[in-house]
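What follows is a set of notes on a single structure, which appears directly below.
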């Protein structure tokens, strides 16, 4: 199979993620979009692992999955905190700090 | 591969890990709020011991098939990180102690981040670098938002988190492609691959990888989080972010560029050049307009980051280690003066009750000691002899001259101009401190400087004075870091 | 006295540091203790100076003595290398003397906001930088000392200065910072260009820019030129000076005029000329041109002043013009004149600023239109002012003359230069300079006498008729008498300085066949 | 070979569609469910690439844990369950431009670099993905990262708790 | 004494210091010190004279003690064989390169002559001042200044090199400044003092440059060396000419020659004794002395030997007439004397210019006595007539104060050059030589000058001593301390001339004073009766006419109010009264321009252009013509810190706007950066 098929798929996912991160207001949705991007990366890695016959790629993917989980945990906590103080999950409503 | 693990080499990490767990336990089972702090401090100091013993024992130790290396380089930086962490702790005690903060948890997170730093200075492959970097970052996301009931602090945490997560995603994408091209995650292999002619994709992949570090060192245009986060976060954390975690980013950058991408110069040099120039200029210009001291320091540290990037950007044309040394020396000195500056800000803010510049007017009259120290740190940042800053700038320019290419010289000129511009806002603060009369009803609180804070101030002041007069200390360290042993 | 040879310069430079520490240690309340400590420190330093003066080997005034050359920053091959020859000696002593005078003078009138502790601390810090600069034999060391001077002066102006002090302080700092940035860059360039890469001034001087392309030399010299010229200050980089002087507290102005301005000119003689002789030849006519412009221009600006202190400030521009003219000729005459000129200007203008300060302290103004009849109300002060004015306008028999005349003399026959201005004959160029400079001496007489007439002659203006103006007081006498005596002594027997400088200067001018 | 090709084509289409769903859906819960589809698809791809261990981890951690977290988040932030037009902010078009731009650049580069390269499915590839093999690699080379990650997770846990708990 | 002549200046110098510090508390308020010192110097001078005369009479003998200098030059001396070498002593003063510059004394006839004149006049003046200045508010200071003056003047005289001479030259200028401004409460006085100082200093530019040129031509500052060079065959004429012109400018400034003479009349603002000493007898002749001292330079430079017209003679001649003419329109007796001094100095300079060295120096010698006498006389008069110098308030004093009257008469006649008084001999010698050396034009000028001199002196004498007293005081003869010096000077004015009375076969002055070492071969003309008679005749006629005019001016309706009637005469009158408008030229045009417009202009440039440019660089290239200092000042004071931000236009503001606070905006920018940079990389790496 063509390596590029996987890579381009991941590129598409990655850019979709980017779009999401930029265009979504809701914090949770932004987090989801980030997950999309990370998945794209994982697909890359696993594909390359298969391509290069080097298991390091898979290991890398595993680490990413783990850390992503931690990230999501922290991220959600922060969104929650904000929601508790600002009463809104929307990111564009937090802009006290500027200039 | 040797199944037996060299625990001496791992001792610093082990001590730190043990400390973290200990702190957690202590926090669970005691009421004394001071105890976790003490434990954390001793842990940090304790993990300095094996660093010293390793330094004494000399020879380089390669573990896990080259994924993890303990050599002078990593030892110097580990030492730096631990000291920085220690100072940060000194700054934190009273700050955290006085607010209604979670104490034990605070130290757990701080130490975890430090653990990441200690690891990153010995990490020699993409995976370790990535993991270490995240370990540095993720706890600080939380710490930035630590003042739970202050929406600014929350905002600081949020912004830091989002930009951080994004840039690590980008970095990962880059790393994945680097892996795909070089067929390995070990830097040595990548180095070998980079010596060949590479496709354009490699250059872009390198760039995407660098983005992650650029974010950590808050290089323009990946700096947006910095001012807001610095302003919102608890000041000790700001100090920590602007020194330790930033240095972490630089170390990773240094490692990956020097041991990984170095051979394909035109993939990373232009990028770093642009980042350096942009950071210096924009950082300085933005700093001119600030009315909040912390925010001003945030921009100033962006600019300083730009200065640190200069030697890296020209490293490709420098024979020998002058450029690398310049980076390390600059990091060491920068750490000292910036920590000092933030310590001074904390001390001053305890007096004036705010970090707003207008409240600092006439501080030279109301509390001369703090004002004097603050001034010292500011002018050291401005690079005026005999304060350590001049030497940092000096080695930077030296590297530029060593490279002696047109691009290098242009960058040098930009740096020179910026170092003059920078004087404006540093002097601006000094002006408020000394030339202006205190606002009526000044001296909000005339609380004494707490011991820990005083210790931090004194320590940093001594460092910048001694190093300023006898820079050989740090110069030698920088030299050692890149000596084969 | 072997140990002394080893330690003399280190003492001369770092005794003030010890004093500084002591001063900082004493609590702010005990002003008397602070003052005494500061005074003792400066005296001890001066003592070291005397020791050097005695121990100095005049038969070899041309070579460095009291050399101390230790490792400092090996990684960038910068060394703790100090030494002094006939060029450094008079300036070093000058700076020691003036510092003592300043401490004494400010004994019981510190400018607002009082705070003697900080004030004296800054003076001591200044002394470290000034003394160090004059004896440093390593470019980096030189740079560091050169810069050390900035901060104290910045704060002296900014904190104890006049109404417009912030502007003046920042301006002063920016100019000099800019200059020294360029200077540092040039130093680095020299380092990397020089055959065996070194920062040691003597070695570089012996190399004499060997192996550096002429064009490059000219460029690098340009950097040095800016760095030093701003400090001197030469037209048109002088604009920071009047503001700085006008706003600075008396003692600040004194040190600024007496010592700080010398650092720049000294830099030319010690570094720029010997290390880059080729470039010096190319630049000489231009330096000369700026110098004479400065002479006339400064004098004219003086004539337009109504503020006594500002007038004296501009007169510095004019006088340093003579110094630079002397340097520009690249001859032993010129350089001797330049150094003598620096010493003389240091003493005389320093005194003038002291006097301006005392006048302001007594009348509360420096507006010459409001002053008058000083000779009536405080005769002694008036006569001393007259004396200094005469000395400053270069009256033979007083120190000022020996800076002016030889420098004019020297510009009659400068060293062999490639070409003058506009590809003209260098000889002609410099002879024109000579005439212009000579005219400058008359203008000098003009503005100084005008100042003296307005301030001292006539009878007091209505507003001060009743005012009780007390004459010179003890601290002032103590601070001034040595300076006044020196002005006379040097004027009558100039060899006091020339026999120090001559050999050393000849070494420099040898290269130019001057 | 063709069946893999077909499977890939099917998965790719589904994942892309779902991804668009995640970023375009007007209903947060739907978005979360779309995300599940994407993640599952990714897992399937891993199987396809003979990385079984990774695939299982993907299923367990992502679908098992992360998505649940998201759902909790949605609940706790009282997000409107139904249709909500105001899920997007004002810079959508900027986002589109940037996204497409990056995509273009990436595809161009990828084609340039890996055009014609193909993955060979051999036994060695299958062996590569085996859990044992992966485990060995982790514990031979990546011990430190592994340990560090554990500390990181601990810290993240502590931190998340501190931030999230009411007080 | 010839070797240790340095003692002479040293004594008054010491006196100066002593008076300065102990004068007030000492008996005689310092006068004692001053007089003792200068007295001692006088004695020393006399001794010097004796020794010198002895030396001259026993010339040629190798036994005589020679100064080091003489030895070195003895061999090279052109006329060394039978020359009477000057006595020189010197010590190292300063050094440069391999050159060592000495300060020392150079004693020959000219020197000792000057020594005598200076010390004597100083002595008399100081004695005179005891009475004249009694009770002055700065009595002590006055004596200090006088001593300093004497010291400086003597230094100038004995100097063995141009540089030391320059020192003395400037110092006497300083003393003159201090003493003119002695009563500085009056703005007029201080203005006069400053005018004097600045004018002479303007001339000193010339002197300074001249000295420099000579130094580089000769290779030494030494006077002996200079003269030797100038007299040697291989002297570079062009350089000497340049030097001579420059030095001449110096002389013009110092010796009140046209056109820089205007300071001298104003200098009369000083106390009268000072005028006598400084502005008649000694300081003002310093210029002439310089001319005589390095005469070879002028002689060779202006090639005086060849007759025709030269700069020096021309200046001198012009000055004679200019000065004399002005003397007529003055009502202030001191002013008259001042102008007469100017014209007499003109005689000396002209004499030098026409190669009559001895005559010039001789006239200097005699003039010192009678002019000092006249000034002191005038002082005595004003002392009596209530401290006024306005002749309109005098008259008829001859009975009131006989001694003053007679001495004044003597002085006037001497000045008028009436046989056999001092003035006659010297002036006559000048005229004779002028004629003989082929300067007939100047001979005529000299004669005209003689005529005018006689006339205006008659006017003075008449207005002062004859007719009715027009003042309101009760004039009386002055006391001894004043008349004493008058008498001494009177006697000298009579006898001094006989030091060089050719027809009587006495040429001692020439013999003793005129150098024989390194001196151009000027040949002094023999006495010439026709010319002598002519000049005296002219003088007598002049006196006659003037006297006649004043005696019965009532009958002389023609002259009466002539100036009112004839516009020509009126014009001429006003022209004279306004001193040829020279002062207006200097003060209202030149000085006003420099210290006014020019100075203000350049200061404006400083504040606006240069400062502007500099700050402009700080503020970007936005320096425009209409941009003002205040505005800039304002801005910078606002905080130079903000300057850069301002300067980069909106840059700072832009950045702030970019930092909008919306995190997703940040993200967008971040990705934008990524996209752009990666595209850049893509292009750079593929192309």
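Chains here go by letter, A, B, C, D and E, matching the order in which they are written, and residues are numbered from 1 within each.
FYI, a residue touches a chain if its C-beta (ideal position, glycine included) is under 8 Å from a C-beta of that chain, and two chains touch if they have at least 3 such contacts.
Keep in mind it's a predicted model, so treat the numbers as computed, not measured.
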item	value
Contact distance in steps, from chain A to chain E	1
Shared chain contacts [chain A and chain C, defined touch]	B, E
Chain located farthest away, centre of chain B as origin (C-alpha)	E
Most centrally placed chain, judged by C-alpha centres	C
Selected pair, greater C-beta contact count between A-B and A-D	A-D
Chain whose average C-alpha position is farthest from chain D's own	E
Rounded Å distance between chain D and chain E, as computed from the means of their C-alpha atoms	103
Distance between the centres, which are taken as Cα means, of chain D and chain B, whole angstrom	32
Chain centre separation (chain C, chain D; CA means) in Å	72
Gap in Å, rounded to a whole number, between the CA centres of chain C and chain B	43
Contacts with 2+ other chains: residues of chain B	127, 131, 134, 138, 141-142, 145, 148, 157-159, 162, 166, 170, 180, 199-200, 204, 227-228, 289, 427, 431
Of all residues in chain D, the ones touching two or more other chains	89, 91, 94-95, 98, 102, 105-106, 109-110, 112, 114, 141-142, 145, 149, 152, 156, 159-161, 163
Touching two or more other chains - residue numbers and ranges from chain E	639-641, 656, 659, 661, 663-664, 667-668, 671-672, 674, 678, 682, 686
Chains that touch, pairwise	A-B, A-D, A-E, B-C, B-D, B-E, C-E, D-E
Residues of chain E touching chain C in the complex	92-97, 163, 166-167, 169-171, 174, 181, 184-185, 187, 190-191, 194, 197-198, 201-202, 204-205, 208-209, 212-213, 215-216, 594-595, 598-603, 606, 610-611, 613-614, 618, 633, 636-637, 639-641
Chain B residues touching chain C - in the complex, by the definition given at the top	325, 364-365, 368, 379, 384-386, 390-391, 394-395, 397-398, 401-402, 404, 412, 416, 419-420, 423, 427, 431, 434-435, 470-472, 475-476, 478-479
Touch list for chain C against partner chain E, complex	164, 166-167, 170-171, 174-175, 235-237, 239, 242, 297, 300-305, 332-333, 336, 373, 375-376, 390, 395-397, 401-402, 405-406, 408-409, 412-413, 434-435, 438-439, 441-443, 445-447, 449-450, 453, 456-459, 493-495, 498-499, 502, 506, 509
Chain E - residues contacting chain A, complex	656, 659-664, 667-668, 671
Chain E to chain B touching residues, read off their complex	639-645, 648, 651-653, 655-656, 659, 661, 663-664, 666-667, 669-674, 677-678, 680-682, 684-686
